[in-house]
Amino acid sequence: MIEIKKLTKQADNKLILRSIDLSIERGETVAILGPNGAGKSTLLKVLSTIIKPSSGFIKINGLDLKKDYTEIKKMFGYLPHSSLLYDHYSPYENLVFFGKVYGVENPEQRAIELVKEVGLSFFLNEPVKNFSRGMIQRIAIARAIVHYPEILYLDEPHTGLDQGAISILNNVILSMKAKGTTTLMVTHDFKQAAEICDRIIIIKNGKIVDDFRLEERTLNLVTEKYQLQVEGVS
Amino acid sequence: MTFFKTAFLLAKKDLYSELKTKQVLATMIIFAGLVILVFSFAFDPTNNTTKAVIPGVVWVIIVFSGVLGLNRSFISEQRNDTMQGLLVAPMEAASIYLGKFLANFTMILIVEIVAIPFLFLLFNFQMIGSIPYFILILFIGSFGFISIGTFLAALAANSKSSEMLLPLLLFPITTPILIGVVQATRITLTNMGKLSSALAWAQLISAYDVIFFVLCILLIDYVLEV
Amino acid sequence: MSMNLEREKASFHVTELADEKSTLLPKILYWCSVVSILAAFYFIFIYSDIEKTMGIVQKIFYFHVGSAWSAFLAYFVTFVYSILYLVKRKRIYDTYAYVSAEIGLVFTTIVLTTGPIWARSAWNVWWVWEPRLTTTLILWFIYMGYIMIRQMDGVWEKKARLSAVFGIIGFTDVPIVFFAIRWWQTKFHPIVFGNGVTQKGGGIEGNMLVALFVSLAALTFLYSYLLQKGVSFENMKIKVNQYKEKLREDLEQ
Amino acid sequence: MIEIKKLTKQADNKLILRSIDLSIERGETVAILGPNGAGKSTLLKVLSTIIKPSSGFIKINGLDLKKDYTEIKKMFGYLPHSSLLYDHYSPYENLVFFGKVYGVENPEQRAIELVKEVGLSFFLNEPVKNFSRGMIQRIAIARAIVHYPEILYLDEPHTGLDQGAISILNNVILSMKAKGTTTLMVTHDFKQAAEICDRIIIIKNGKIVDDFRLEERTLNLVTEKYQLQVEGVS
Amino acid sequence: MTFFKTAFLLAKKDLYSELKTKQVLATMIIFAGLVILVFSFAFDPTNNTTKAVIPGVVWVIIVFSGVLGLNRSFISEQRNDTMQGLLVAPMEAASIYLGKFLANFTMILIVEIVAIPFLFLLFNFQMIGSIPYFILILFIGSFGFISIGTFLAALAANSKSSEMLLPLLLFPITTPILIGVVQATRITLTNMGKLSSALAWAQLISAYDVIFFVLCILLIDYVLEV
């Protein structure tokens, strides 16, 4: 599904990603771990066409990211640190707008459905600007999946969510996985990573230093491997 | 097809949000009013010679309140990085440009419809030219100004202090349009005898408009690319 | 304690910059400009006549027109390299565009200072608002805007891309400056080339024309020399930065 | 140390905080838990004088929040969701500035010390704008404690931090606690709450619904009590 | 004591960041140049009567490039909510105001020093008045404009589209100052015979300045309170 070859990203003279090679199968749920400033968010930004790689080659579903980006953009949903929501619009209006942008059929119904799914039905028509951090994050998640994406890029999706919302989110990811969605999730929360992911990638200093499958969903394995790689942790 | 649909969708979003808050439009109109007021101090409106200044004032209003609106147009996409939301979505940069252009153009037309009659009234201006031609000139002038303005607003939005950068880039680039349009406006308002010269100006401006519009559509890809 | 302490030694590659092997070119350009400038001085001050009505001040003319043409040339080079940059995305094109625009701005500034000095003696004012002068001033503002875009913060790719776009758009003013006196009827600014002879101050003596061409050539050489120098200077700066970063990375581990 | 009486906050017609009564002793480390939109951040904002309460009475260290706010402002450090840092300034410049604002002695040395403490010495002189989320959060934490505050208000301080930074933060909080600092920490991370706090407050719908001491630092107790109170989440 | 120290600290921070980026000041100066350009279109500067407009133009430059700088002054505190950082710190609102005022005032003075000689040159203006008096008038005028402007910028910063709101609030409030100052400038520049009248204006403006400055210092608490 995702094929990354020798990807590097340089900002001015600083190397942020150093020759990343990665290949992810359809339907995998991959957690990307790593210390602060490792380049995790940057990797997601490159994949979601938000920034251009300095060199390297990315293929998504057989399409070249450089050329067929319009096709590719339809396929993925992206949840970055910021919410990408219009402040003075309500969740409903936001979701309907993005639904239409992505050409979703019946965007109105989809919007209502999603808002309900993330548990904010009561706030359907209130402007987003007054929402609390967790509420915004919930709507941002809904926005990212409004068009039934085949690929999900999630950058620390659990930030600000309460326990209820975390399990909602995990359920969403798992049910989308059941439908064949590929998920890349950056996180610092090993517990969640162990819970929903079946593959862990550890990035350090812009390089992939570990990459292993998680058959048993054990938190300990993750912590152990992470410690091993990032030992002497900051 | 989807190209235009997306553009309309974006324009609709902006205009709808304007309809809800009414902030930008209100500010533009009030600002236009202020400019008129300032000018009425600067030149005594009863003085007959200052009548000659009217065409200039018309365009000063459009330019200054236009800049306010243009600034907003991309700055408003910075909160929560919604611009990224658009860029990540499957739409072409040109259709973002077109959408923004349509929204801005609609707004400036509304400002003109409100402010210009008001100006004429305050300055007691007796129209002796041709209104349809005047409207034509207004239209092509605003078109050029807003199309270049939208483009440069997208460019300036990359800067941290974009609301300062925009006028800096916009004024020099649009002066040819503005010079031409002020001349043409003067003729259509006061001296219909020279209509042919006004039409020559109009043609020149239209050519400039078209060239720049195409150029903008072609180059916007590079501006919005991240 | 800090993970940031542990930077690994990266296979750092200092990007290939323009090959420096053509060390001959700057020398040639240097000598060409020196010789041609000396020649220009000879032609301007000794060979050509002193203009009858304006006297010695008229000598400014050669620098004035020469700088104007060099500025146009510089902006044209910026225009071309901007397009090249957008297509090819090589840093060297961007450097050329940038340096050329800067030099162009300097030449425009020279036009904008020699002009008024001349105007002071010719028209007895420092400045009048007529198309040629105004459009030249606008030209200056446009490329100030260009420089402002370069002052933006962010990575160089962004600045290069945006300023390339602006370099393309902004170039449209150059033909307008050139044709300004030919489109609008002007009361003041003379025309030499084209249909200038009929206008006031227009027409030109043969030996003045020679001197003009020599000074044009001199300033063009000067421009190419400056461009060459500026570009290699910029490249040096880029390289130094790269080494600095490399050093830092080495230190960090 | 902190004495809150009948505190309510109303935004337009919406009651966000409904008659909160709370009293916190000097040296306590209190975790504030609760579902999204419960009013936790609002409570901290009121305490840090960022917003005014609609009614109610707050005393900090015997001083009235309404009157002696200048005195009170010197005492607390506040870490909200946003970083409060100047983007184009480096960590050093930021911390020196805030150090001077708070009248810290020898702000330059303090800045260097703090940046080292949060593990970003190598980025001491780089503008903050290029930092990753976790790096910004680290500097934001440093900013909040630059003036050795007696009281700390932390709003989800662990967001975006990697494992190393989390333990740094916890150590900072614990060592400040040892010096008698009172800490109020909003968080969704029960593990961290259980680890460093000795008292847990659960807020729901703008009301305090539970308030208990945590003698044994057991995660289970927290989760249990939370489940009990917040079942059928917000 | 700490009151002024904090104010200086804030002013230093702003000016230092300006020294690093040079963006705001550069933009203000270039913008001033552009305003001169725009005016040269509006009035034919060769025309001798337009010389009378110079005092007005001087102030239009100050006002417009001033608004740009004023806008920045508080908008720049919005990114990362640094304004909250200041409000949470143990400083009085008045000292934030004073700090911002000092920074803005310094910047506008620099703009004036650069732009006004240029204006005189470009418009071919022969000074026949008194330079020291002119500078005095400039100083008290700018003082009033910037002190009110800083205050209103703080007020406008609460709005989402503050860069639009500021001119709307600022122009009406400062018109008394501007009218007076234009009159006084006219006299000091062209007609020293009426110097006493200019001084009367100057006194009036100074009084207005002082009243508003005190008022601003008193009221800023309510503006910055959250």
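Going in written order, the chains are labelled A, B, C, D and E, and every chain counts its residues from 1.
Methods note: a contact is a pair of C-beta atoms (placed from the backbone, for glycine too) under 8 Å apart; a residue touches a chain by one contact, two chains touch by 3 or more.
In this text the structure is predicted, and so the values were computed from the model without any measurement.
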How short can a chain-to-chain path be from subunit B to subunit C, counted in steps between touching chains?
1
Using each chain's Cα centroid, which is most distant from the centroid of subunit D?
C
Tell me which chain's centre, taken as the mean of its C-alpha atoms, is farthest from subunit E.
A
Can you give the whole-Å distance between the Cα centres of subunit B and subunit E?
27
Give, as an integer number of Å, the spacing between the C-alpha centres of subunit D and subunit C.
56
Rounded to a whole Å, what is the gap between the Cα centroids of subunit A and subunit C?
48
Which whole number of Å gives the spacing of the CA centres of subunit A and subunit B?
40
Residues within subunit C bordering two or more other chains:
1-5, 7, 134, 138, 141, 144-145, 148, 153
Going by the contact rule already set, what residues in subunit B reach two or more other chains?
79, 159-160, 165, 168, 171-172, 175, 225
Can you pull out the residues of subunit D that are in contact with at least two other chains?
87-88, 119, 162, 164
Given the complex, residues on subunit E that touch subunit B span 21, 23-24, 27-28, 30-31, 34, 37-38, 41-43, 53, 56, 60, 68, 71-72, 75-76, 79, 159-161, 163-165, 167-168, 171-172, 175, 179
Tell me, which parts of subunit B touch subunit C in their complex?
148, 151, 155, 158-160, 165, 168-169, 171-173, 175-176, 211-212, 215, 219, 222-223, 225
Within their complex, subunit D touches subunit A through residues 11, 34-38, 41, 81, 119, 130-135, 137-138, 156, 159-168, 188, 190-191, 226, 230, 233-234
Going by the contact rule set out above, which residues of subunit D touch subunit E in the complex?
48-52, 70-71, 73-74, 76, 78, 80, 82-89, 97-98, 100-103, 143
Would you pull the subunit C residues touching subunit B in the complex into a rising list?
86, 134-135, 138-139, 141-142, 144-145, 148-149, 152-154, 158, 161-162, 164-166, 168-170, 172-173, 176
